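Pasting in a structure now, in structure tokens, and then I'll have a few things to ask.
Note that the chains take the letters A, B and C in the order they are written out, and that residue 1 is the start of every chain.
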Amino acid sequence: MSDNAIHDVERLACDVLVIGAGGAGLRAAVEARLAGKRVIVISKSLFGKAHTVMAEGGAAAAMGNVNANDNWQVHFRDTMRGGKFLNNYRMAEIHAQEAPDRIWELETYGALFDRTADGRISQRNFGGHEYPRLAHVGDRTGLELIRTLQQKLVSLQQDDEAAGEGPDKLQVIDETTITELFVEQGAVKGAFGYRRGTGRFMAIAAPAIVLATGGIGRSFKVTSNSWEYTGDGHALALRAGASLINMEFIQFHPTGMVWPPSVRGILVTESVRGDGGVLKNSEGRRFMFDYIPEVFKAQYADNPEEADRWYTDPDHNRRPPELLPRDEVARAINSEVKAGRGTEHGGVYLDIASRRSAEYITERLPSMYHQFKELADVDITAAPMEVGPTCHYIMGGVEVDAETAASKVVGLYAAGEVSGGMHGSNRLGGNSLSDLLVFGKRAGEFAAEHAAVTPAPELSEEEIAAAAQDALRPFANDGENPYELQAALQAVNGRLVGIIRRAEELEEALAELETLRPRIANVTAAGGRAYNPGWHLALDLRNMHLCSVATAKAALERDESRGGHTREDAPGMDPAWRRINLVASLDGDELVLTRQDVPAMTPELLGLFDPSELAKYMTPEEYRSTEAEDA
Amino acid sequence: MTTTEDSAVSSPPRAAIKARNLRIDNWRRGPILTVLGITAWVAYATFRVFYQGDYWVADYHYLTPFYSPCVSDGCVPESAHFGRFLPDHPLIPYAALSLPFLLAFRLTCYYYRKAYYRSFWLSPPACAVPDGHAKYTGETRFPLILQNFHRYFFYAAFLISVINTWDAILAFHSPDGFGLGLGNLILWANVILLWCYTLGCHSCRHVMGGRLRHFSKHPVRYRFWTLSSALNARHMMWAWITLASLALTDFYIMAVAAGWITDLRFIG
Amino acid sequence: MSTRTFRVWRGDAEGGDFAEFDVAVNEGEVVLDVVHRIQAEHAPDLAVRWNCKAGKCGSCSAEVNGMPRLMCMTRMNLFAEGEPVTITPLRTFPVVRDLVTDVSFNYEKARRMPAFAPPADLKPGEYRMQQVDVERSQEFRKCIECFLCQNTCHVVRDHEENKPPFAGPRLFIRAAELDMHPLDARDDRREAAQDEQGLGYCNITKCCTEVCPEHIKITDNAIIPMKERVAGDRYDPLVWLGRKIFRKGRSGSAAG
């Protein structure tokens, strides 16, 4: 079998290999191709179907089109607040500074954002953002982004063709999964994978690789993520010798659908709240006023009258508490349901029907209208929606250099959700689309630079054969069905590593994950290699398992509550933990955690905040030392 | 596998599914109703157009739209508002000047094209049901490329709608001068519906403003386009309603003219 | 909960047949839920393509009881109790395996579609467009590329030989999108639509519009306006005459 496998391996080579064809991957590919490199993009699904299409609300960029007071400093400040100051400040700074250029650039690729009255890109309000900041297209912004980048790639291919270049300058290989990275002496040199359609193997030699594989959400049963989100990039990076940070921080989006069961978890965009929707419990009470944390009291209204005035007069009123950062809203919903004030199906009500006209709702939220009408038989212009938290995004990911998006492994870059640090402990809505544009571009740029000075690597027959054997193992195993194992893994995560965590439960989770490990190693695939989803899942499972272990371990270690990590047995933020990132790496087969200091903000950036605000997050020495330096 | 040569949907490398369509809903209903409706209307209209009688109610100046404008030497002089210049011949309809254009307007109408391509020509009879023909070139060559002249027939139909409106105005008549009867209401209903059909035509929508690239620079034309678009969204409905209203209007006037019934008079 | 009978086509380009499964169906479920249950409980290697399961990515296109649909947006209560549900792959494209087809036809057609041409005199950030001017194109950009319209269109569904000259509804809305884009710098979109994409093959029988899960008015808002624009350029004698008379001294520019 292994001999045949070797002979049937398709051999390719390029300068920059991009794994992942979502927003970050495509943006990286555009940049690398514009730098003159030969680029291959690997897409796990069809071209243009990546999870980015699911993003609804918009892309945050301080263009100041709607409120001229907005600028990158304000955006930076919001991002740090949202991440509870655990962010890699330099990433947050670059992100806030470069996001507007990345958005404007999309217009030159053909994107058609909604407009302001004077013809500029319209911007909408969103949780945690001080000003209207999200460039958007109705509630399908992610689709616009992916289609724009997809069409830009096609136009670059057309340019190559017109210039007489071969098709190998920029290739998109769809429905292909990468199972292994090849590493030699601390540097990547290629990747191994299979085409889903035929099951045929593929080995690609490349001196620079960009990981842009997205997140891990499929390890949870209630998730807004698509099937591709199996943590492939996280696991590939770990196995290649890179490290992951902040894996304990998982964002549960406060508003996922809860009924009917088959759609549980599907996202209900935050724009519903940005456009006037409010959360109510089964008693009809607008409960978010009861959940405004101390650190946000200055920015959020404590009564409905002021909150409602904010929509028309944001300069003189505080924001409605429904627009608190996602972690706060998710926890509040969770508490209401636990206190017995939930809806029939275990959620709360999200009501826009009683607050906005039917025309307004269908114009501003067309896909939400459509989604509830078709999937739940609910007319959101007439009745409230039932919503509850759903696993949405992982803040943690590959530890990267802020400027270059480079990981610890030479030649390996990461951008988008698979990278970590940018969002700290909690991501603001809208910062994901801008993140993947800003750092996707940087990853492509620096990967191309690296490729320019690195000789073309060679892949040996032995390492290819070993990777092929690994990939074929499920056919020879005599263990369980992959679907059962995935359900078991999801059950562990959902029950024990969910939105509210406790030390004993996390220990239990780690023990259960340990018993799952040999079962997953022995997972069996039935049937042949051509388009066999059972086999595909069998191979994805080990990545999901590895990421789950990283999350559970880090969650157990961090005994405080911050952003997307809430410990019932350790409530409240601990300033000492604010200074620490938990870094996961592989030692042999074992995942190990180390503590590492969070990079300290520069005095200039600290100066953007009021010291009384910093006092809520930091130890006095941290921010006072800068006051002394300032003086 | 015997029918694979003529059935692309069943032929490898496509999935070799023997059934050429797997629809279990009643997809034949639409095309059958269309054939029945159009055939009945064409039969009635043909009979009426060559009947050459009972088209004019002298007392009230009702003129059926099937005979408007009446331009044959055979027309009653009072009914010929635009002169009489065509020879009176059994094979030349009295409104021979307008009828070909109206026929062509509806024949090249985007809605009727859909209707007859599906129901008469079976190309295709319904969605995901195989085409009834082995070869297909659509509207790329003669004669179907002439469908592109729809715009011209729209211009003609627009003028004819103006004439129908004029007929309806002249019909406020009685032997004592001004008059109003049920026939007037029917004529006006028909005219309004004809305008809804004509102004909602896809060519009209294009001419009004659809051809523009920047609506913001042409606010008035944008407004026209918006109105035309609103009518256009129900173009199929107007297409059928006007077939019915034309036939009913004609039948009512024929019945009054022939003395089978008397017009219900409100004034005069 | 009830048990329902499903007939699922299984096979590949070499051939195949229907397999029957009796599966439990719960309240509120869609066809894709049931296909997943068949995978988990009966046929782990049943090939099906899907991603988001929320009607946003356009991956799970198939034919259910003969009608092209997204499996994730087809609720089971659409079908009468006791009536078997038949699921086949798309029947216009080559089958890969089971419910998965090779949709590369659509990507090849997209490769030949000239991209948005940015205006030469505007830098990023300087684009100004009015909402009323972008709305028409925005409708077409709702397209999730499920290719149900391409699959349903009889021009290629029933006539394999038309695949080379005919780009299909998905690409017609792309042509319309760019021809109506307020700042696109090309003025040959309609010629390209007629000559390169085969717009004339369309006989506006509207099945593309009927099956569009995004409810894009493909025929009324894209194909017919493009046909009208072509007619205006090529077949309108008044326009033609006007051009003959006024052409001297000025070159034709895009309307408006």
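Points worth noting:
FYI, a residue touches a chain if its C-beta (ideal position, glycine included) is under 8 Å from a C-beta of that chain, and two chains touch if they have at least 3 such contacts.
Since the model is a prediction, treat every value here as computed from it, not as a measurement.
A linear topology is adopted by the chain contact network, the touching chains following one after another without closure. Chain C has the C-alpha centroid lying closest to the overall centroid of all protein C-alpha atoms shown.
Chain A and chain B have centres, each the mean of its CA atoms, that are 56 Å apart.
With centres set at the average Cα position, the gap from chain B to chain C is 31 Å.
Put simply, the C-alpha centre of chain A and that of chain C have 29 angstrom between them.
Across the assembly, chain A contributes no residue that touches 2 or more other chains.
Touching two or more other chains at once are residues 102, 130 of chain C. For chain B in complex with chain C, the touching residues are 7-17, 21-25, 110, 113-114, 117-118, 123-124, 127-131, 135-140, 144-145, 148-152, 202-203, 205-206, 210-218, 222, 232-233, 235.
The residues of chain C lying in touch with chain A in their complex are 12, 26-30, 33, 39-40, 44-59, 73, 75, 96-98, 100, 102-103, 107, 110-111, 113-116, 118, 124-125, 127-131, 134, 137-138, 141-145, 178, 181, 184, 215. Touching chain B in their complex are the following residues of chain C: 9, 11, 13-16, 63, 65-68, 83, 86, 88-89, 91-95, 101-102, 130, 132-133, 152, 154-155, 157-160, 162, 179-180, 182, 198, 200-207, 210-211, 219-220, 224-225, 227-232, 234-237, 254-256. Taken in their complex, chain A has these residues touching chain C: 45-49, 51, 53-54, 100-101, 104-105, 107-110, 112, 114-115, 118-120, 122, 137-138, 140, 143-144, 147, 151-152, 154-155, 157-158, 197, 226-228, 259-263, 266-267, 367, 370-371, 374-376, 481-484, 487, 525-528, 530-535.
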